[in-house]
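So, here come the structures, one by one.
Presented sequentially are two complexes of chain A, the first with chain B as partner and the second with chain C.
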Partner chain A sequence: MNARMSRSYRWLAPAAAVVAALLLWQLVTAGGLFRPDQFPTMVDTLLALGKAVATPAYWISIGSTVQAWFLGMVIASVLAITIGSALAFNDFAFRSAASVIEIFKAIPAIAILPLVILVLGSTLPMKVFLISFGVFWPLVIQVIYGVRSMDPVVLDTARALGVRGVRRFVVVTIPSASPYIATGLRIASASALILAVVSELVGGAAGIGRNILQAQNGGMTAYPVMYAYLLTAGLLGIVLTGAFFLLERNVMHWHESQRNIRSNAEGALK
Partner chain B sequence: MSQTTLPTVAPERADGPSIGETTDLLVTDRRTRTPGSVLRRVLIAVWLPIVLLVLWWFLSASSTSPFFPPLSRILEEWWNQWVIGDAKFQLASSLRNLLFGYVGGAAIGLVFGTLLWRFPPMRRVSNPIVYFLYVLPAPALLPAMIALFGIGELRQIALISFGAIWPTLLNTLDGMRGIDQVKFDTARAMKLSPPRVLFSLVLPGAGPQIAAGLRASLQTSIILMVVTEMVAAKEGIGYFILQAQTVFAVTTMWTGILTLAIIGTVANYLFVLIERFVLRWYYRSRALGNS
Partner chain C sequence: MSQSTVSPTPSAESRAAGSEVLSVEGLRKIYNEGKPQAKTAIDDVSFSVTKGEFVCIVGPSGAGKTTLLRCISGLAKPSSGKLAFEGAPLTAVPDQLGLVFQDYGRSLYPWFTNAKNVGLPLAARGVPKAQRTRRVSEILASVGLGHVEKQYPWELSGGMQQRVAIARALSYQPDLLLMDEPFASVDAQTRFDLEDLILSVRRDLGITVVLVTHDIDEAIYLSDRIVVLSGSPSRVREVVDVPLGRQREQVATRASDEFLGLRRHLLDLVMPHAPHAA
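Take a look at the complex of A and B:
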């Protein structure tokens, strides 16, 4: 009984906190701490969100943001996984490339945004290029470390069994490195969304970011709409990173826990 | 086994070694550090960047593309703009905002991360809100910040701080939760006072992961610095780059990109150096453990 109570408490308390936060929002805005031209009330915002949800424009803007996010993620992860695992197998190649990767990783991706806009315009390819560029470098580092952390015994076993080439890549390399790749993908997912929003906000490509800026330019009456899109951006963030978080936890569970159980058992025998 | 049913907010730390590790040019294991091996490491690390730069120089030398001017012209223009010219004053404003925003946000993250660790009910209650704010793409808040703070520097610093809070907060919390319970029992047996426990057990114990959070916060801060300067600003390096783009001064724009790349790289290396110094006990113990 106690366990069930504490479990429902675990769900109830955060839910109550969300409600309390929303009420607090309503209180400070309706109470006059913020002027309506600074911060719209919670009720107005939710009404605006409700109205926006019924329009196709709302879903189109989400669609274009998610589309750029998805394409950028796919391109970056395919490149990072192939290039990263190729580099990881050769010590010289890895050490040589490391400094280049570090330099590119340190360049904030938005630095090249104006250049990309010039070359590609305010288009989907512009967003996808920016996202892939920004996400690729941290991801490739994760892949390299994932592959390099591979148990040498696993590699030897694969060699003894005659598993090589593409088959070894798919059956041995990727699963061994998967916890690192999963972590890298989760972080990449968050940065990809940020870059998508920036490319819409600064670069003027279609999507949630542009709608937020347009609502802000639309003056005070459009502010609830702006916050409605802001809420949408946050919810999208929860969905997109939450998916990778779950993936990561499941992959990690399979991988790490197995090893820990085994090593604990070995430790007990000694 | 899991303590919360909600997804616990995910730390920014990439599991396993991150950038600190590939910069082992700076710190190598002392026993293997002979002059020859250091020279070889340096050579292996720098040959590819040099080759790429030389390639860029020669491939772009006769470039007539309006978007990719010759590297020689970019460097010349860079010297004129950033060393002789007035562009360096843009840098001062950018770096000031970055510094205030980053330090403010990181401090808030550190303090609240510690508080959330110390008071688990608070942690459970605030979990969904913290998670929402963490995954909310911070640049999307820019128009709201303009509405709240106007278009001055205050909203730039506010947005940079806001973005810098979450990676530090989550990593602080996660690092502190990961400390071995036995250590707290020992501290209790030694009757250490709470401040003493905080400064000699909790903060050092979570140190490596706090550092990872601080580094992620720094990267977010730099991105937000540029974004805030690209929208409704009148100075700063982001403004400089975007301004050059709108008047189609492509070479000038390239010099801004180059400067930003230098800022990012220098900030990163400074961070790694400071981290290596502050956490030298940790890296030393890890190097011993690995050998």
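Take a look at the complex of A and C:
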């Protein structure tokens, strides 16, 4: 098989799977297995989505969700990377903090939602706080493990070359821990989106989640709209995951795992 | 060329002049000191290196050579003993010290291009960007590498990677170059090339070199003096002068009578149970 053909085949299977799922959806809903107030048909939903896409409200809601996702991710990453590295370098601090981190990590972020709403209201800061809180703990653990598992030769080299302080942190510590950090960020990105939608759905802040809730309250006729927004949340998830995938492929191109992926792909094309 | 009479070597003269680059006195290193798994890696090692000298440290695998190098470079804290670099007590890695690690695959940073790897110590010393770029190209050329600036270390062969590591250690013109079995994992031909490269670098820059190896022939070929270590935990078995002169040539030097005589002597030292020693 030549390279061109295998390239086009690569897209064929996932595309066929999506079409099959959509057809199955249409089949079970139009076939009467579900009533329209339980599950609207695929065609109705896509029509509703088409109509929503043409309205500014649709894009504003996506904008609000993405904004909260982004701010939450940035705050959690900056805090996790600085605090995590500081803890990783200090054995005493690490052992003292480890149990506290484990406890906080075990608290579902949703559980503090009522408290956060009470304090901050249905606002952007509420969403950002919830996302940062939920994402910080698993991320900080990744950072600590990444920094602690640094090859001693890498550190010795930095010391021998006279690379110190902030420079050492930026050009040696972070890149060396980056495989762990990248994995942490990829997982964090998915949970950050979930937390954003939940905070809108339950907490009533503007965004995709609130539009889902409003459509649900709008009665049976608005059900296709609700499903259109659900679909939107799913698509947004795919886009963010894809963006992280591309980012990782570019930023981490030097890492062994990425090099192996490349050389395996080359081998497969032959 | 090489004199057969045992005249005082250049190093002996400068030793008298007292320009000591490195001095090691009663060095002892115990890993996990005070714990049940305590392990004495270095028992008692003393020697000194004068300016311009090429000193090789030989010893069997596991003797504690890497440990010794980590101590004298300031990377590891000795358990006892006195260390001095250019007359001052050694507490951290001196700025004027270059280090080439045993495992270049782990010591070159894979996230940086070769140019950035070599330029890193210059950046840390505040050399401006333009000057750094020029210096990096210069030093890469001087170790026999042209146009690898934009490539990554993992795109190069083992021998070329080791050249990049050497270039990086030389980029900031250190007074002392420490190398830990730098040629252990390259093929014989590359090894000869790299040995001659180090000799010419040393001649051109007038740099002082301390090189660790477990290869006796390599030690004789390269050095002015050889510190022979015992097995673990290491002690100095003998310090052997190598009066072969400055000019060395792979085939002729290795075939010379002086070389073979030294080789026999060193083999006796490292193999105490050789037949005629019994």
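One rule holds in what follows: the second predicted complex is superposed on the first by the 238 of 270 C-alpha atoms of A that agree within 3 Å, B and C clash if a C-alpha of one lies under 4 Å from a C-alpha of the other, contacts with A are read in each partner's own complex, and residues count from 1 in each chain.
In the analysis below, a residue touches a chain if its C-beta (ideal position, glycine included) is under 8 Å from a C-beta of that chain, and two chains touch if they have at least 3 such contacts.
Remember, predicted model here, so these are calculated numbers, not experimental data.
Chain B and chain C, once both complexes are superposed via chain A, fit side by side.
In the overlay built on the shared chain, the residue A:70 is in contact with neither chain B nor chain C. Judged by the touch definition given at the top, the superposed model places A:153 against chain C, while chain B stays out of reach. Once the two complexes are laid over each other on the shared chain, residue contacts for A:163 go to chain C alone; chain B is not touched.
In the superposition on chain A, A:171 makes contact with chain C only, while chain B stays out of contact range. Judged by the touch definition given at the top, the superposed model places A:201 against chain B, while chain C stays out of reach.
Once the two complexes are overlaid on the shared chain, A:89 sits clear of chain B and of chain C alike. A count of residues in chain A touched by chain B and by chain C gives the higher number to B. Here chain B and chain C sit at a least CA-CA distance of 10 Å once the structures share a frame through chain A. In the superposition on chain A, no residue of chain A contacts both chain B and chain C. Contact residues on chain B toward chain A in their complex (touch as defined above): 4-7, 10, 12, 14-19, 21-23, 25, 41, 44-49, 52, 67, 121, 124-129, 131-133, 135-144, 146-148, 219, 222-223, 226-227, 230-231, 238, 241-242, 244-245, 248, 250, 253-254, 256-257, 260-261, 264-265, 267-268.
Those residues of chain A that touch chain C in the complex are listed here as 151, 153-154, 156-157, 159-164, 167, 171-172, 175, 178, 254-256, 259. Partner chain A is touched in their complex by these residues of chain C: 70, 73, 75, 92-93, 95, 97-99, 101, 103, 106-107, 109-112, 120-121, 123-125, 152, 154, 168, 172. The touching residues of chain A, when paired with chain B in their complex, are 7, 10-11, 13-18, 21, 34, 37-39, 92, 95-103, 105-115, 117-119, 138, 141-142, 145-146, 149, 179-180, 183-184, 186-187, 190, 193-194, 196-198, 201-202, 208-209, 212-213, 215-216, 223, 226-227, 229-230, 233-234, 237-238, 240-242, 245-246, 248-249.
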